[in-house]
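Letters A, B, C, D, E and F mark the chains in the order given here, with residues in each chain numbered from 1 onward.
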Amino acid sequence: MSLPFKYDQVAVGEFGGSTSSSVDFDRARVAILPIPLDRTTSYVSGTRNGPHEILVASSHMELWDEETGTEIHSIGIATLPEMELPFASMDEVVCEIRRVVAEIVSRGKFPMVLGGEHSITPAVVAALAAKHPGLSVLQLDAHADLRESFMGTPHSHACAMRRSAEFAPLTQVAIRSLSAEEAAAVPSLPTKIFYDYNMRSDPAWMDRVVDSLSDTVYISIDVDGLDPAIMPATGTPEPGGLSWHEALTLLRKVIENRTVVGCDIVELSPMGGNVAPNFLCAKLVYKILSYRFGREL
Amino acid sequence: MSLPFKYDQVAVGEFGGSTSSSVDFDRARVAILPIPLDRTTSYVSGTRNGPHEILVASSHMELWDEETGTEIHSIGIATLPEMELPFASMDEVVCEIRRVVAEIVSRGKFPMVLGGEHSITPAVVAALAAKHPGLSVLQLDAHADLRESFMGTPHSHACAMRRSAEFAPLTQVAIRSLSAEEAAAVPSLPTKIFYDYNMRSDPAWMDRVVDSLSDTVYISIDVDGLDPAIMPATGTPEPGGLSWHEALTLLRKVIENRTVVGCDIVELSPMGGNVAPNFLCAKLVYKILSYRFGREL
Amino acid sequence: MSLPFKYDQVAVGEFGGSTSSSVDFDRARVAILPIPLDRTTSYVSGTRNGPHEILVASSHMELWDEETGTEIHSIGIATLPEMELPFASMDEVVCEIRRVVAEIVSRGKFPMVLGGEHSITPAVVAALAAKHPGLSVLQLDAHADLRESFMGTPHSHACAMRRSAEFAPLTQVAIRSLSAEEAAAVPSLPTKIFYDYNMRSDPAWMDRVVDSLSDTVYISIDVDGLDPAIMPATGTPEPGGLSWHEALTLLRKVIENRTVVGCDIVELSPMGGNVAPNFLCAKLVYKILSYRFGREL
Amino acid sequence: MSLPFKYDQVAVGEFGGSTSSSVDFDRARVAILPIPLDRTTSYVSGTRNGPHEILVASSHMELWDEETGTEIHSIGIATLPEMELPFASMDEVVCEIRRVVAEIVSRGKFPMVLGGEHSITPAVVAALAAKHPGLSVLQLDAHADLRESFMGTPHSHACAMRRSAEFAPLTQVAIRSLSAEEAAAVPSLPTKIFYDYNMRSDPAWMDRVVDSLSDTVYISIDVDGLDPAIMPATGTPEPGGLSWHEALTLLRKVIENRTVVGCDIVELSPMGGNVAPNFLCAKLVYKILSYRFGREL
Amino acid sequence: MSLPFKYDQVAVGEFGGSTSSSVDFDRARVAILPIPLDRTTSYVSGTRNGPHEILVASSHMELWDEETGTEIHSIGIATLPEMELPFASMDEVVCEIRRVVAEIVSRGKFPMVLGGEHSITPAVVAALAAKHPGLSVLQLDAHADLRESFMGTPHSHACAMRRSAEFAPLTQVAIRSLSAEEAAAVPSLPTKIFYDYNMRSDPAWMDRVVDSLSDTVYISIDVDGLDPAIMPATGTPEPGGLSWHEALTLLRKVIENRTVVGCDIVELSPMGGNVAPNFLCAKLVYKILSYRFGREL
Amino acid sequence: MSLPFKYDQVAVGEFGGSTSSSVDFDRARVAILPIPLDRTTSYVSGTRNGPHEILVASSHMELWDEETGTEIHSIGIATLPEMELPFASMDEVVCEIRRVVAEIVSRGKFPMVLGGEHSITPAVVAALAAKHPGLSVLQLDAHADLRESFMGTPHSHACAMRRSAEFAPLTQVAIRSLSAEEAAAVPSLPTKIFYDYNMRSDPAWMDRVVDSLSDTVYISIDVDGLDPAIMPATGTPEPGGLSWHEALTLLRKVIENRTVVGCDIVELSPMGGNVAPNFLCAKLVYKILSYRFGREL
């Protein structure tokens, strides 16, 4: 909004929160796209509030990253408005997300998607796979999400990666919950699973994750892939999972050895009275962007 | 479960909690039917937990009612298991709820339905209207829920009473939130609205509510019809609404002057750390049953 | 932000939440100004989050008001960005708030200020009193806030109305907490106090409140003036206070009989897990604007 | 603790919190006795924390009372240390509480007891009845607590008033939960019950409460006697009950017309994140003391 | 309850939640016995809700275990109703628990006990030791619980393992809190303690735990033996303790090398708004049963 | 308070909670000084409640330490009353804290300071540096806190260590958040930073921390230096940080190899419903005192 007078402002809906660091979409290198998809009837809680709380948390962080020695805002980060998705059918939702992400990608921006339910991922993968033939997907998650359909729909969060695998092969990390049906289907699906219970038995497991990926990679982070100790704020928190240090080390290794062309962070369901999980997600965005674009500064 | 040995037990899923008071379905006068419909992806919170928390709270209540001087369990109250509704389309959900309620009603039981979202109500009304021609509906609610469709579906909670009105005329009490579209539609719909902002301006307003109802009545209680002071545990808590005393007085008056043939209590979304709203709902069930069946004892 | 492509969006920081209803500042009749003043070291909780949570809640409300039969957004409501107040001294903070409010007022907009601490009120009153000689102030509050200074500063929230009284006489309603020092000072201050413990002993007490006010009125609502039953989300919740019905009736009466030229709602300190207080504040804004500007539609 | 140097201090465990207002026991008119009886295995929550949280809240209140125009601390209020009750049998606990209260009473102090479970009340009543023949008890409570025994012990909170009635006749107000067994026993017990569902049907009901009491009165306030809207922080919050205004009016009337010789406030179970109930209890103590001793100033 | 009509149901009180997987007691290999012993006066929170919340969480888990490649429900898991323990004396409680567990064991079922307070353990151990001479006990716990008596009773949770040691020798793991009195008694008691502060100094510490156990083992898991990072939901959360990975590795090793004949999980005190601890306990039950019985499939 | 009669008491405001272990200031070796500095307007939450909750938690701990085999209370621990700091300017606050700590130190007591905001640290360091020339400071913290000024004041928590460095050189451990401005200033400041992202790359990193310290050391622990998994209860919880085991190992090593002359634990902001962080802080105090003074027993 243009005002006929000036004052210092807080930009509530922008990553980093500081007006000085926000840029026009045209000059941005990164586009943060909030997709608060959450089919509940209440506004009280749930993944619907995830994107917003990540943005709020981001405004309380230092803009400088001591690990890479960079201030990643200088590459240009544009925070888009939250998508509104008042459609009855998930088919329409999927189409619209795919269209919007395609628009972003066609203009050369790196899409950093903030969910919302995991069911948004296939649409994003579809848009990126169309742009980047040979794309592969790295998924951090507690759940395989490989059901053919769930509760009668192929668009459930429980099918998110089965749908994504129709567009690009998967590498699934920290998996520790799947059904017998999914387990039976795995051998016939284009996926490589690193199960949480034994993936660390090989000291070089992170290298094997990298090796399993093609040159061009999309990263999908379901926050329940992290240890509930640091991420209790999600719908079905499974014990086990990645520590903060493991997650960062793996992400850095993948980004340094492959070309990462997009990312999503989904399934944060903010808790009343505990902001640590929101803060962690905001920092995760910063870290991924610093690893990915810090070398360009 | 039949055990080859005996011990004192707590019946977790039964209204009142005490085994001695539970009865076979066949000998029951009242059937409590939990319908935890809630289309969220998380098990953390939401209306899905409503029926269960009402049953838990009911086990901490005295079974005797000092107002009517009766112990209502002696009429026979059977608590049915929670309905499981893993259907993709709301059409199927609606059909199944209608079928199950029709089964209950056909056997002469009084259905006391515990929700779950308000979108379960039309199916219950349909089943009862088929049995009781000339049925009317008394709705306690903050919201008119009279939209023709919402987010592309005619089965949304925001359309619950528009759908119900296709089976029976409505009397809507404590309404304090509706859209311009709904307001425009009201004159052409079979409904009489008592708006919260002015319904108490006539000291005889409760009598007018009774007068507006036909001989046979179904009662649908969306808990947000109550004051958020006593009922904060709901998705969109609107200031204003009925006090505990007002709700009981109105319900008693209706039950004493009309034949009430069924009831639902919906939209309780239990809060962590505050059991008072759950307890209130359990007591509301007790009170309605005491008013309705106490005279038969 | 102008985007080279379109999609349906949610406007996170705007009152009512719907993009279609937002207007340019120049064409707005009302300017909502969020001032999240809160001198804490933590971002977890506190009045700092008040303005934001009111705006979030407002996006879940119906835009139509059944009491006045109007949709108040059509008068033009512009939501300004949150003021950033990184000043060391409260003197500077006060000056800046006064300057910004004066800018708004000089352009003929009605300022609806969302706090933040009560200590923002004197600056707003000062700006309005400069524009409207003869202004009086109606304050809804549990606390008199009439200390000459508190903890060494004359700008504390505990001095907010003592400072305001330097610019305009006060009418203080629902007061139920003050110090012996304040009580001793009252007779010499330009204030009329309606104490909560006895203000309702005269059935015409609301008329007496109106009579005590001059033609032109500013309204300052400390949310702790309301009953903690409906407003537990504040720093020092005092038992007693106004019910929702009383607050609306009083506000409507004042607005219909006087010219209200500005308003603030302060001291909301959002609670984790209970959105009812946030929702109430959003509705209060809607109601005041409907009462004030509904007749212009 | 005597220190060889001075600094301004906050007295954490004293009512009112301000060191200047604390007095030696010998010069005090009122002795506040915290009895955190709570037989749980956890330190997380429960009535055990009730006395402490009331004292903490009391330090955030104004010391002046606008209703009586007095500052009640000047009569001398001594806050005793919390009783430690590491006894296996409730018999011993009861004896020790009775002994300590007798010591307080024998020195002419007014005992204001802060619980803890309601099961502490009979011991306090016993001590006072021994000192004041003809004593009667006014109880504000949701539950009759008239069971002969509960879970095998006569000392349960559910038997608190049956035990108390062995020492002094009762007047029970706001009752809205009792068992069939208790209801059957009432006619033979020395008690007059004012049931919540109909006690307000007589406009002079408060006078009838006063009339039912003897000249010398002990007041026992189970906080669940209050409306859960203002008092959700208790173990079994029953809908209905006294408003803040009703409670104060009744207490003032009783204190002005009878000689109140002691009081307890029990069953506060503090909630995380909502201090309003704690604050209400602290204010209740202030109000009772102001009504009782304000006339002596 | 047998119904004259059918619908899909959720079995609220059964482990795994799915009706299809529940079995008759007679055909079950495992009997899950909920013992919600908790001597509090409130129904709000505490270990009383532990068993129930574990069962609720279990219904949101996948039934398949990727580590053992089995679906453990096929062995037959019967969930018994919650024991009701309305006895005044702990002597009676202990007798009744011992009797019920003996009934289960005498029919060849594996008892998986869900607490409730730790004070239920000695009764379970007694029943198992009578059946299995030479039994030893593996305890995961923060506290030694070796007091001779506590608060005047030998049945306190603080004495749970002192009592258990009267029936079978102990191996205590992750201990990090005990009194000087307990420390002095340790040398004369049949126990081997692995203190949390140094137990990991030997890389083969888990083997030493196994070596310390006899052929037949009972496992008692006080959830506070786990790190509060993953288990904050307990009465006295002590920093330090076992990680999820450590707990599983140790349990698997013990189960593979000894004959485990029963197990309890106690002291879960569910928190409002954070289901992760409940989920962890449900998963722990699944894992133990998969380790124990997966080889039989 | 001296009473004319005796009973067993709980000492609410004393470390360890047990009266028998409290000592006169003169005979104490350690003085625990609570400084609840927190410039908020609310009493609901924040660092203001930190010292108190640590003391409450301490009363639920065993007094014996199994690691050192000592009961540290026998050295004499005096808990001083909370400082009251009702000053307008931080200059005055800083002077008063410095004066009080100097009084403690001049009498040969070890000051264990419980905050409150980190902005109290420079005053404590100043008092100790005056007594101990050559003092160095070990800081555990997520944030460097090295800003020259913040929000217009040099006394902000964001400047705490910049101010402290004016009195003694720093070693900063677990740092993972600082601004570009601070990073630029580091080379010219008397500080050695161990960044969280790489400090563990040298297996001897703890030795290097010790080596960086002079003979006489003050320890300042901002609780956000710990992993949010175990310490979510702080204003800006940064992912990463020290585990419980790392913190204890480092502290023991420092205390065994240097002369530690004082300590503070700051920035605990207690959460409703989760006592684990409070408990951790209490245990941290016990552990530090046991390491420091256990050898004297």
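Heads up, the rule we're going with is that a contact is a pair of C-beta atoms (placed from the backbone, for glycine too) under 8 Å apart; a residue touches a chain by one contact, two chains touch by 3 or more.
The structure presented is a predicted model; accordingly, all values stated were derived computationally and were not measured.
*Asks:* Give the label of the chain whose average Cα location is farthest from that of chain F.
*Replies:* If we average the C-alpha coordinates per chain, B ends up farthest from chain F.
*Asks:* Same or different: at the chain B/chain E interface, is the fraction of residue numbers used by both copies above or below half?
*Replies:* Comparing the two copies, chain B and chain E contact each other through largely the same residue numbers, since over half are shared.
*Asks:* Centroid from C-alpha atoms only, then distance chain A to chain C, rounded to Å. What do you get?
*Replies:* A distance of 39 Å separates the two centres.
*Asks:* Using mean CA coordinates as chain centres, what's the gap between chain A and chain D in Å?
*Replies:* From the centre of chain A to the centre of chain D is 55 Å.
*Asks:* If a residue has to touch 2 or more other chains to count, which residues of chain C qualify?
*Replies:* Residues 43-45, 60, 86, 227, 229-230, 236, 271-275 of chain C touch two or more partner chains.
*Asks:* Please output the residues of chain A touching chain C within their complex, sorted ascending.
*Replies:* 1-5, 7-13, 24-26, 36, 43-45, 52, 56-57, 60, 78, 80-86, 96, 99-100, 103, 107, 271-275
*Asks:* Which bits of chain C are touching chain D when the two form their complex?
*Replies:* My answer: residues 175-180, 183, 195, 197-198, 227-230, 232, 236-240, 271-274.
*Asks:* Taking the touch rule as given, give the residues of chain F at its contact with chain C in the complex, in rising order.
*Replies:* Against chain C, the touching part of chain F is residues 38-47, 86-89, 92, 117-118, 149, 151-153, 157, 234-236, 267, 269, 272.
*Asks:* For a test of understanding, state which residues of chain F touch chain E in their complex under the given definition.
*Replies:* Within the complex, chain F contacts chain E at residues 60-64, 66-67, 69, 71, 227, 229-230, 244-245, 248, 273-276, 279-280, 283-284.
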